[in-house]
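Below you'll find the structures, each written out as structure tokens.
Both of the next two complexes hold chain A, though its partner changes from chain B to chain C.
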Partner chain A sequence: MIRRISLIVLLVVIFFGFLYSVIDLEAFFSTYGKDYFFANGYLETGSLNLVTGIYLDYRLFDSLFEAGILIAAVSGVTWISQHEITEKNASFMLDKQITPGLFITFSRMVYPFMLMFGIYVILFGHVSPGGGFQGGAIVATAILILYYIDSKKATSIDKILTIEKILFLTILAVGSISYFTKGTFFTNPFALSASEAVKSIYLITLNVLIGIKVSLGLVAIFTAFLKEGR
Partner chain B sequence: MIELVSYLLQIILIVIAISVVIHKRNFTIIILIATFGLVAASLYIINKAPDVAIAEVAIGSAIIPLIYVISISRQREFIVLDRTNDGFIEYGFELSGEGYQILSDFVKEFDLSLNICVDIQGQAKKLIEELNVDLIVTKDNQTNQYVFYGKASSVLMTKLKNQVKDKPHIKIITLKEEKKND
Partner chain C sequence: MSPILTIIVILIGLYGLATSKNIIKSVFCVTIIEAGVILLFLNLGNLEGGSIPILGNVIENIVDPIPQALMITTIVIGSTITALALMLCIKIFHNYGSVEWKEVLGREE
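After this line comes the complex of A and B, so read on.
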């Protein structure tokens, strides 16, 4: 009883704290950042989608940490789900549960379109909504559907983890190219006066790298979950 | 108009969130979570954040429900490793015999699905600790008893013990798990 009362008191305190902080929101509301990005974003980054411009140019530093966090999560999940007994020995878990036939048929129909849409979202991240993370998540969903079609599919998590580490270093390297051309880290290496097509090379490269990395990471986490239950 | 729709969606969001907490059936909850993701994504689009909406749809209503479906369906399996080879569980290629009857009745009572496998080498203790094997059935040739190995911490094992109390040729050994750091 005391526990419940204290919980309710705590929740009420948190709620009023939240209300208090939200009511004062207008005091520090300003459109300075928005106006700046609208006026200069396209010229400085060459990206029609300002969000992509922000996370691949102004704030690439933050994106790098995001990618690093994903790598840490995947390594943690694989480390926890490690087994000393070899996976070959554990092949008994070839799913005895039967996936419904309707589900398999629809998955087969939807799979190519999902893959294509994911790749589209990655490649056109700088002109339309989307980008590396979103497209990578869609591609990962498409790959995960394969597990329902063919449950005997085997994936080596260690290989995926190695590829992910290499990709992370590649993103770091691509981001640092600008140090040699412009003198600052983590920005577009091409000159400000360069045409939109030239600037978009850098954006597309980074988007593709981030997309592959995110999709591999999500697939690795999912595979670890699958193996853990076996 | 669009404001009305957004108010409606916010009310739906609250209703879904409460029903996720209240509901009892796991698979319904997964569907509700997926719906929550979709409604949240449409709210993001109304508030002019299409990038976030795409991420929410892909993660919140596709990948997370998939992971939940996998982990919940794994919980419903009762994995038995058969090492008897004398028709106690598997006779030829057909699943019949006394042991199979006992196990299938037991599994039916708790609404699980039986998964019987053979051909896994290794010590019983290690297999039960490292893999998700629930029960290992072997035969003791000296006393002519069938021995069931299982986890000591599992509630199902104590219930199985009660069920086979009056069968003298079945013996149940529970293995204690060593404490792990994780």
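After this line comes the complex of A and C, so read on.
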């Protein structure tokens, strides 16, 4: 009982500390960054979508770390889910269940549209709401539907991990191209005066790479969970 | 007003983290804290009546795009971290036969 009361007291202290810190938020609230991106973001990155412009150009370092953490998490999940008894656990959990026929039929109807929508969101990430992360999640959902239709279509996780590592190095290489053209790392390698179509080559390439990487990572995690069913 | 609501979400997650007896519930509480942090960041960049940070239309005020760009990566990382934690839960269940904190920690190996 005394522990519960002290916990509630602690939470109340945290709450009032937070309240005290946000009470004069307006005093140091600055719109400088926002105004800068609004004025120069399109010129410097070539992206109409400022969010895409930030995570692919100004703060590509964040995206690289995100990609690295994704690789680490997927490798961790696969490593933890390794089995000593292979033949007993090699079968998928879905093999033991019978997927309803209605579900399979509707999945087959929906599958191509989901895949198309995901690819659209990836490719148009720089002019409309979307991008590699969101589109990758949609593509991963579409691929996971395939598991329900036919669980034999599963790819091995080791192959996916190899592709992920190659993709991570490719993102690093594409980000570093600008060092040879502009002299700085992790920015758009094309000149500021280039047209929007030329600049968007870089954005689309990185969006596609990140999209493939995110979707493969999520598929690998799901496959590892499926193999865990005993 | 709205940042106060997000800290309440974070505090609910902290309370659950301190009191939950099940490991899977603790993982859920971490997810709740993460949702609160995401809402807090989006709130700080929010602007009443502002438009989306996509140029091309006739727009005057945009919301701050930096928190949104940061939170995209946070959501993806959060999902993978949750998957990692749940996979650890499965391993704990296979090795200890339980996912209760008391039984797992009290067992002598």
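In this text, the second predicted complex is superposed on the first by the 220 of 230 C-alpha atoms of A that agree within 3 Å, B and C clash if a C-alpha of one lies under 4 Å from a C-alpha of the other, contacts with A are read in each partner's own complex, and residues count from 1 in each chain.
The rule is simple: a residue touches a chain if its C-beta (ideal position, glycine included) is under 8 Å from a C-beta of that chain, and two chains touch if they have at least 3 such contacts.
On a predicted model such as this, the values are computed, not experimentally measured, just so you know.
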Of the two partner chains, chain B (first) and chain C (second), which one does A:D62 touch, if any: first, second, both, or neither? second
Regarding the shared-chain residue A:N49, is it in contact with chain B (first), chain C (second), both, or neither? both
Partner chain(s) touched by A:P129 [first = chain B, second = chain C, both, neither]: both
Between chain B and chain C, whom does A:L25 touch in the aligned arrangement: first, second, both, or neither? second
See if chain A has more residues touched by chain B or by chain C, and give me that chain. C
A:A224 in the overlay: touching chain B, chain C, both, or neither? Say first, second, both or neither. second
On the A-aligned overlay, A:Y120 touches which partner chain: chain B = first, chain C = second, or both, or neither? neither
Tell me which partner A:Y111 touches in the superposition: chain B (first), chain C (second), both or neither. neither
Looking at A:I80, would you say it contacts chain B, chain C, both, or neither? Reply first, second, both or neither. both
With both complexes overlaid on chain A, does A:G33 touch chain B (first), chain C (second), both or neither? second
Would you please give the residues of chain A that touch chain B in one complex and also touch chain C in the other complex? 49, 51, 80, 129, 131, 133-134, 137, 218, 221, 225, 228
The answer for chain B against chain A in the complex is residues 50-51, 53-55, 58-59, 62-63, 66-67, 70-71, 73-75, 77, 79, 81, 113, 115, 117-122, 126-127, 130-132, 182
Residues of chain A touching chain C in the complex: 4, 7-8, 11, 14-15, 18-19, 22, 25, 31, 33-34, 37-38, 41-42, 48-51, 53-55, 59, 62-63, 65-66, 69-70, 73-74, 76-77, 80-81, 127-129, 131, 133-134, 137, 214, 217-218, 221, 224-225, 228
Please give the residue numbers of chain A that touch chain B in the complex, ascending. 49, 51, 80, 83-85, 89-90, 92-93, 96-97, 121, 129-131, 133-134, 137-138, 140-141, 144, 218, 221-222, 225-226, 228-230
Of chain C, residues touching chain A in the complex: 3-4, 7-8, 11, 14-15, 18-19, 44, 52-56, 62-66, 68-70, 72-73, 75-77, 79-81, 83-84, 86-88, 90-91
